[in-house]
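What follows is a structure written as structure tokens; I'll ask about it next.
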């Protein structure tokens, strides 16, 4: 979480310095959602990671250097400069990079789960998605498909109160967590700023999935503390509300917990800061991609590759 | 209803005689759903009519001759041969003809209702759709949109137990009538073979709509007694089940009611039969469209037209 | 070699691949118990079971999107659109998720999407389309369109074995009308053009059902070559330019709507790289830009006919 | 006449129509309070209120589909796609519902869909596309693509007043880079091509942002005409053929992917009906068939550049 925040803060300054082309999105204040959920996954599980979920990439084993390089469009970035900012995923670590069209990845995750079920494998798929994207048809096709086929898939809804500038009231009349029942599986509301709660819920959902009990929707209540993207000043959100949420910051909160357990948080912070600086250095040293390669790789030439296994610090295999 | 059944039975023979090109779909056994719902509409209300809803066209005032001509692709058909079989609607009577992509018309109906609300008009829009089409994204986008904007629209779900050959179990885990709540409006289950029940529910939903209380989902339980289309022998449905439903035939049922009220049903039947034969004669006398006109009318040249008012035998205006 | 209809050849190719490779499975609406709207998978469920001949919900984005997910974890989905027209509902998943995946992140998406295309039997505006050009304009998607039973089987097998998303355009109007000898067992037909009839004076370049219309239209004409593209992506540019070099006169035929159709790309290619070999305008015969009407006299008036093609050839030969 | 940016001109035209015609209203994601991702409707909500500057749910099929419904009962919706790329999610409603309505049943669908298109600023594979060719291949949809501030305003007004579905392609890269004098008040620009610079030796045919790239590329060359199509449907075939007659040499430029692009149709048209006026191949400069990459060196390598266009012209002039 700390690493995610550190990287994103650092990347934001790089963006301001013009070292990050295009736009820049972060998940400031929502770190617990991606960190907590990704932590509960096993190496053979597969993830579709979204645009506020940097921690998930870190948990799976993507190094800070490759992430900075990704932001900067360097050859050494996860997509080698083909795609930008948050649109990436390391297939060798079992992650599929998101497409911009939200929430298309819900169907991809559903399809991965369908394959696991067809092959009778004890694995599950997980994808994150936002409150705004619940208005789109693909949300429904995925939820309904997963429900009717009882698939081992976990849908993690990141309810960060806004879709760009659009508040929840303009997006739906009833909290989407209640839709799950109408698709035939449970929907749980979780404090998205409590990393342990997110972890616990995801772990339980994973058990359900591996036990053949079908999908779970986990709705994480959190807040997008920054603008939608670097250019967005968030005028449309009142300050008190942000202040309130700032007090619930997931990282400070977890730090208090860790301190309670006697962890030397300052040391961890120092470690993380060092890792970040090292990553930035490494990334800045990487070359930009060669224009001559721009048209290569539209099609796969050899054998089709498949997603690989990711790191699972807490290997949630039960 | 009787007229609808008569026309479709007659059209089926015409189809067998090769006088109806392409394919042919009917609503045998479901007549009460379109008849009952259409009857509850006012002249200024607007309808998106689907492929098993012939009675709705009749209620709005489309003549049998123009319907037979439509089936036969004649110049005098509702679409003048541009579109086929059930893909029609008389815009002058306030109906929009369906597109094949199901259930796209739910969004069109939602948009009509949106316009009524924006203009503060006391009108509503209604559309029918099938159980199978509830799996598609457009179902969700329409239901959610109508719910969040509280629009005067009525969604009539024709649950005829099958989508082509696909049974309900392969389509959804939970009866879609329950989804309505999760969109913030009521969903009612109705006996789709009881024309008066369908009428009553629709009338009530219309009152809600005109009173600004928003959308209603009316789920009509019925059975598709014929194949999906003329070519489908329905092997996949067991005979007993059909027999059971045959006993609930909506027309015989309504006839008993009317006889109870002293209506001379035989006379009505004779009248209808005569109207149908006259319609067939008239249609058969109509020319086929002229190939030279095939490329005309892709674009509207003059002023844009708007949907007109339909007939409303029981003018449901409250 | 047994003679089979175009439809039987598709079923045969699909069956071969499902027997050879357990990763291959079919998914679509009404393909299981019912055997598919056109009966391509008739009886498959008995041999392969409901898991590998999957009846899906009525949801095209769902079909394409879940197929992508299944593919990236190692399966080989073969999706059926009940009619090619309905791919419009899965357009985004196909174009943005499947088509761009390998370029963006080096992850292969080996899916096949079967598209029953084309008109000619009063299918009307929603059951008669030829949507391939939309996807030629969408990077990362291969497209094949067989005209014969032999190619229907061989190109389907190539499509299934290809590590990329491949659209298989099977023309509905050929299903039962076209019959031909088909090799027993599995064979992969290369995604390249073939000369359907040789000739030196003029070449008609087309694909799918129009290959037969073109052959019929030019039967009595001297020296007319008919080039069957078979594959649109990749497009066999060399074969096209060779034919231009050999014939100098070109008629390009599309059943699809004229504007920006496959034939527009072929004509543009010739105008740029075959210009010096041309001895006359690159004539196009295509369906004008109208939805395909239902009524026979209207539909026949818009679809390229034997007469229209013949007339175009006669005129150009006299140029 | 005040000087305005391309972006301001779009806002100005939209505002004029909303003031003149109460049936006109805007709908889209984040267009109200936020004023739109590119601020085209900045401040509109204050003047016209939330009903006429409607923030919609995140649902493109919903935006297009409900707009059709509102249009057939008398309103004039102007939809904004946040980026043109997202029209892929409303593709079916646009192509099958809006596009075919009038032909099928004689019912007009007066909707305008604003599409912020194009690349050049590291938008990556999902924020840089030029999707217009998909819709040229879809009957019943008009498409305009202004290159100047003056045309941006005038063509938007024409689009809104047109009784048909019209796609308004506004190029993101021109928003703030292009400035020009714009008439005060409402005026409708005809959907026809215009000569951006005259010349007799060679014509570059293009539209949108590429008009400026073409002008820059040919600045120092003698006698090069630049034809700005402005409208793709209807396509101004006469203007194209006139230019071919006048110049005999043609370079067609697309920012879109090459295969089946608008330029393919233009080149095919010329190869068929302008053949005898040609004195050289119809040269195309376009983006190859790849998703638009994010990293500047990659993106610059695929998008048509001043140099590539200049080189093509110099070569052809020497032909």
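Should a chain be cited, it is by its letter among A, B, C and D, assigned in written order, with residues numbered from 1 in that chain.
The definition used in the following text is that a contact is a pair of C-beta atoms (placed from the backbone, for glycine too) under 8 Å apart; a residue touches a chain by one contact, two chains touch by 3 or more.
Worth saying up front: this structure is predicted, and the values here are computed from it rather than measured.
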item	value
Set of chains adjacent to subunit B and to subunit D	A, C
Chain centre separation in whole Å, for subunit D relative to subunit A (CA means)	35
Between subunit A and subunit B, centroid-to-centroid distance (C-alpha), Å	45
Chain centre separation (subunit A, subunit C; CA means) in Å	39
Overlap residues in subunit C, where contacts from two or more other chains coincide	56-57, 59, 61-62, 85, 88-89, 92, 96, 100, 103-104, 125-126, 139-140, 289-291, 293
Touching two or more other chains - residue numbers and ranges from subunit A	79, 82-83, 87, 99-101, 135-138, 141, 144-145, 148, 170-172, 298
Contact graph of the chains (line, ring, star, complete, other)	complete
Parts of subunit C lying in touch with subunit D, wherever the complex brings them together	85, 88-89, 91-92, 95-96, 99-100, 103-104, 125-126, 133-134, 136-140, 233, 235, 252, 256-257, 259-265, 267-268, 270-273, 275-276, 278, 280-284, 289-291, 293
Footprint of subunit B on subunit D - complex, ascending	25, 51-52, 56-57, 59, 61-62, 64-75, 92-93, 96-97, 100-110, 139-140, 142, 163-164
Complex contact set, residues of subunit B against subunit D	46, 78-79, 82-83, 87-89, 91, 96-97, 99-101, 104-116, 118-119, 125, 137-138, 141-142, 144-145, 148, 297-307
Of all residues in subunit D, those that touch subunit A in their complex	29-30, 33-34, 37, 55-62, 83, 85-86, 88-89, 121-127, 288-291, 293-302
Interfacial residue positions of subunit B with respect to subunit C in the complex	21-22, 73-74, 79, 81-85, 87, 99-102, 132-133, 135-137, 163-166, 170-172, 236, 288-295, 298
